[in-house]
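The structure is given below, and queries will be raised subsequently.
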Amino acid sequence: MSSIESGNILVINPNSSEAVTRAIDAAVEPLRAASPFPIIVTGLRDTPSGIALQSDADQVAPPVLQTMLAHPARGYVVACFSDPGVTGAREVIAAPVRGIGESAILHAMTRADRFGVIALSASSVLRQRRLVRVMGVAERYAGSRAVDARAEETTNDALLDRMNEAAFRLVADGADIIIMGCAGMAHFRARIEAHCQRPVVEPTRAAVAALIGDCLLRSCDV
Amino acid sequence: MSSIESGNILVINPNSSEAVTRAIDAAVEPLRAASPFPIIVTGLRDTPSGIALQSDADQVAPPVLQTMLAHPARGYVVACFSDPGVTGAREVIAAPVRGIGESAILHAMTRADRFGVIALSASSVLRQRRLVRVMGVAERYAGSRAVDARAEETTNDALLDRMNEAAFRLVADGADIIIMGCAGMAHFRARIEAHCQRPVVEPTRAAVAALIGDCLLRSCDV
Amino acid sequence: MSSIESGNILVINPNSSEAVTRAIDAAVEPLRAASPFPIIVTGLRDTPSGIALQSDADQVAPPVLQTMLAHPARGYVVACFSDPGVTGAREVIAAPVRGIGESAILHAMTRADRFGVIALSASSVLRQRRLVRVMGVAERYAGSRAVDARAEETTNDALLDRMNEAAFRLVADGADIIIMGCAGMAHFRARIEAHCQRPVVEPTRAAVAALIGDCLLRSCDV
Amino acid sequence: MSSIESGNILVINPNSSEAVTRAIDAAVEPLRAASPFPIIVTGLRDTPSGIALQSDADQVAPPVLQTMLAHPARGYVVACFSDPGVTGAREVIAAPVRGIGESAILHAMTRADRFGVIALSASSVLRQRRLVRVMGVAERYAGSRAVDARAEETTNDALLDRMNEAAFRLVADGADIIIMGCAGMAHFRARIEAHCQRPVVEPTRAAVAALIGDCLLRSCDV
Amino acid sequence: MSSIESGNILVINPNSSEAVTRAIDAAVEPLRAASPFPIIVTGLRDTPSGIALQSDADQVAPPVLQTMLAHPARGYVVACFSDPGVTGAREVIAAPVRGIGESAILHAMTRADRFGVIALSASSVLRQRRLVRVMGVAERYAGSRAVDARAEETTNDALLDRMNEAAFRLVADGADIIIMGCAGMAHFRARIEAHCQRPVVEPTRAAVAALIGDCLLRSCDV
Amino acid sequence: MSSIESGNILVINPNSSEAVTRAIDAAVEPLRAASPFPIIVTGLRDTPSGIALQSDADQVAPPVLQTMLAHPARGYVVACFSDPGVTGAREVIAAPVRGIGESAILHAMTRADRFGVIALSASSVLRQRRLVRVMGVAERYAGSRAVDARAEETTNDALLDRMNEAAFRLVADGADIIIMGCAGMAHFRARIEAHCQRPVVEPTRAAVAALIGDCLLRSCDV
């Protein structure tokens, strides 16, 4: 991470799983060719290997902010769907800060009426509901469906069937667009989309793309 | 408009005021340097010179869609705060379509808690309330304040005092961020921001910046 | 339409299907005996034969308003469930203006707790959700269920089974009253009501009845 | 009340003030000429002289229902803005039942965006807020302003200044239409409208007019 | 009831079923050992044997208030899930007043995200929806499921299977915690909890426990 | 804190100000006489001296949970109005956990219609709005007004005038009950109540009182 400079976009994986960090890096790779700004992905140490519980999200919020403060960048993406530390960071950091949960939801709202979220676990469903309420967008929310996986499994192809099933149920629940409720699963996106016949949003990619827009906007508003 | 190609971003001013079209073009100019995609601005003919009433917005929705259909582009921005034709276009056009009202609001929601909108007129206030409700984001809305101007006046410096006053009242109403509720007023943005001490969002610029993100995202999701 | 005078109620079918116009005329026929005001039904030309997409609704809004302006009446009903042109007309026309979507919903809210809507198509469902949100009555909405028909089919008895099925599902979704989400299907009303054992609201009839009340009220408020 | 027959519309004043009953009768008088149905107004005995507190509203709900059960009619209007007994009556009475609070609000929603209510007292404000919430229409509600009067005073011209002041404040609060939050004040309607330059809805008249529509609709749905 | 003194907590069963009153007394018995205040349970006479319809709830509201006024106490619990008379009593009685519906809901909101309610009947479901809306907590409500029983049956063990089934369906509807929507069924609580694997709230016990807290708070705020 | 046993109620002040911890201890003192359970108050070390920003709240959430895990108790109160760590703790701790923000709000909802909150600072206002949204009770919220103080000042009598002013403005905003949005200010409660003529809720006391109820309920549900 030594090469991070203030002109880069910094994507922070709050958990300590290097596999997830690599999957996030792969997810944003297709954005790099056309992005006006370099995109750097980094992970944290001494944090849980996955954000399973609210207390895990609580635990990583402070080191997420510390990482931002230590590494000046053009903009930041927090690559955990619970958006830990994002609201706090916006009060103390001038550069744009994006969480992948909020960003995926706002993006989905520009493409379809109601969004549904594939959640890793029952506890994730609860965090997603709270995120939706705190954002004030519950009228657009068709719900979440859990696949009962751990974050570390998100790179495992065996998850695909369960994700397809969850997407299918979300469509039955009234979702017009599906959001993948976890980072590091971009490799499943196109296949779920083909299966459920609805657009599927990969949140880290959506957040980085939105942040590029934010950075462009800030650069001309200064 | 002969040079519009499918790789461009096309910004459509739905009213027939050439002064407004030029102001919009000037507003997006600072984005062009870093944008990965060319940004073209066009106006319509045979439409009202400003969108003062809901029936004006109704009237321009069909020609807005016709313009999109006639001019394949990478993505579209409808540069009227009432977002005429945007929802309809999304059902028939594959490329991303953005309205400046929706885009400014969603962008504001990533930077502050409650947004307030400077409206040109009392009728605009009503359209903004309906936009907020149809988007399902009323819990984040501090309200709108009208400056009683016509769209054609938006290039007139005499409006600044009234806009500053409206921004000031919106802050008193609980707005944490101010949105300019009309295209073509970008030249006032920085001065209103300095006056009310809150971030001020210029909607066309916000929409084009967000659309650039959308286009980047779509390009890697295909 | 030459006989339309300012004392009549004018019901406008925004699509160009004469069969639908005739079905609407038949639907309001039972109201004529007791109505204090004559009820005239008219169709439009050069509009789509059915309002399938949002862009269809957008397209008919201007001619709906033109028709009102050209034909002074005591009050107007726009007989398309998407209420095209209604909000715009209210800003420029002094007489009461009713859309059948809004009217059916508000009427249903006086008879039962949650309403559900039988929609012609998936795109209609989306328009109904937006109508419910812009009206600000989402807390009373049990949802919509589509029968995958075109407006032109609404006079076809073969639709009945699918409408019964949709009504049945809406009851399971928590609807206490069912609204037929399209004009021109009044002939099915009683049979669906018998099938689902909940009140079923025919929207054009509900709108004309409500408009009669509006006209009575206006006459004594002047 | 001996002449009440099942073909009449019965308007029930739940309080025991004969002056209020007479004022209600006068309010609906202009509707009688064109109404297809006779309109009878009756008061209750042994109820409070005004509905000042929630416990007053609670107290009159049972006799309101008893009156309906004892007097078969084509339809009923409960002429108290708190709509006492209305929801309960709808479960046990087949004929349409209208409360003036609900009816005035739903009517206002067809004429303007946000409604505000002139309340007699601070306790009335609380009941109006609860009515708005139970109806599920809070997104359209600009608020209530109290004039600190008792129901018995509603026939007193001295109230007009305070009502004008309340209407003026409601407009400043964002109300686009004003509802008189009490029966028996119809004689003030036109003057408040002239003062605040917004439409003013007299609730008993609005409810009776709407009920006429309901009765027409029911007669053709049977 | 002769021993009721102002230092007691008075629990009022609004219906006239002595079996239900006894069941309520048994339900609060486990609270008595540690409660700082005596807990007295009383029933009403000349009221319906169960609150099946809204008009039943309307009918008991006045005698509930009369009972409070006749029996000074430290605090009151109205042991009917429709909370009849509670809002009215709060305007005229200084001591804390709790309804078991409101109390169970607010308690559930501190233990889980979304609550679901087991309702006795379809009419109860409607009252519960209205209670949730008037409380303004609809975003936390997963819905109600009816078991089609009368209040008098609530002491009958044969109900358990249907209640288990309702609880199971509520969990499928997204409820994280289950509320028993009727007094007098405390003896089922633990078994339903074991069956559905979610916390189950008995509302009378929850209300009395909360009222004890209220009384403690009031005693130190005076 | 060595004497903390599993039968006690443990109140945790998340900030490191010993003056605030002492003020909290004094606030709950009047509850101790009648409480069935001992009430212990403790502070944290190595946390900020006040919770001014969201990042301060984020920072204390992990040590709040650690404190609970290290000190088994009958129940816990987190004595910071932002409720840091509360939701997370509820997933991993079996005993009841209360935050003072949530508890004060839910208590206020049983005593009056709309609550308003006196906030220490503009950043606190934002956290309170988010708390209200995540709780899903925005329809009952009249807003927050800031006094621009730091937590350390809350024991300073000079704050009273500003708090009175804030309470007065909240009443004008439509608040029927006032909540003190910070721990450690109980000594001002009665004076603000006398000034604004509305009930004023001290949140720590309200939370402890409610938790006593929770503990009584849990003891009989086991």
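So that you can tell them apart, the chains are marked A, B, C, D, E and F in the order they are listed, and the count of residues begins at 1 in each.
The rule we apply is simple: a residue touches a chain if its C-beta (ideal position, glycine included) is under 8 Å from a C-beta of that chain, and two chains touch if they have at least 3 such contacts.
Because the structure is predicted, anything quoted here is derived from the model rather than measured.
Colleague: Hop distance check: subunit B to subunit E, minimum number of steps through touching chains?
Modeller: Graph distance in the chain contact network comes out at 2.
Colleague: Any idea how many Å lie between the Cα centroids of subunit B and subunit F?
Modeller: Going by mean C-alpha positions, subunit B sits 42 Å from subunit F.
Colleague: If you average the CA atoms of subunit E and of subunit F, how many Å lie between those two points?
Modeller: 27
Colleague: Calculate how many whole Å lie between the centre of subunit A and the centre of subunit D, each centre taken as the average of the chain's C-alpha atoms.
Modeller: Here the centre of subunit D sits 52 Å away from the centre of subunit A.
Colleague: Please output the residue numbers of subunit E that touch at least 2 other chains, ranges allowed.
Modeller: Residue numbers touching two or more other chains: 130, 133, 135-136, 138-139.
Colleague: Applying that definition of touch, give me each pair of chains that meets it.
Modeller: Here the touching pairs of chains are A-B, A-C, A-E, A-F, B-C, B-D, B-F, C-D, C-E, D-E, D-F, E-F.
Colleague: Which of the residues in subunit D end up touching subunit C in this complex?
Modeller: 30-31, 34-36, 90, 96, 98, 102-103, 106-107, 109-111, 135-140, 189-190, 202, 205-206, 209-214, 216-217, 219-221
Colleague: Mind listing the subunit F positions that touch subunit B in their complex?
Modeller: Residues 126, 129-130, 133, 138, 143.
Colleague: In the complex formed with subunit D, which residues of subunit E make contact?
Modeller: These residues of subunit E touch subunit D: 53-55, 57-59, 61-62, 65, 84-85, 87-89, 91-92, 123, 130, 133-136.
Colleague: Using the touch definition from the top, list the residues of subunit C that touch subunit E in their complex.
Modeller: For this pair, the touching residues of subunit C are 113-114, 139, 174, 176.
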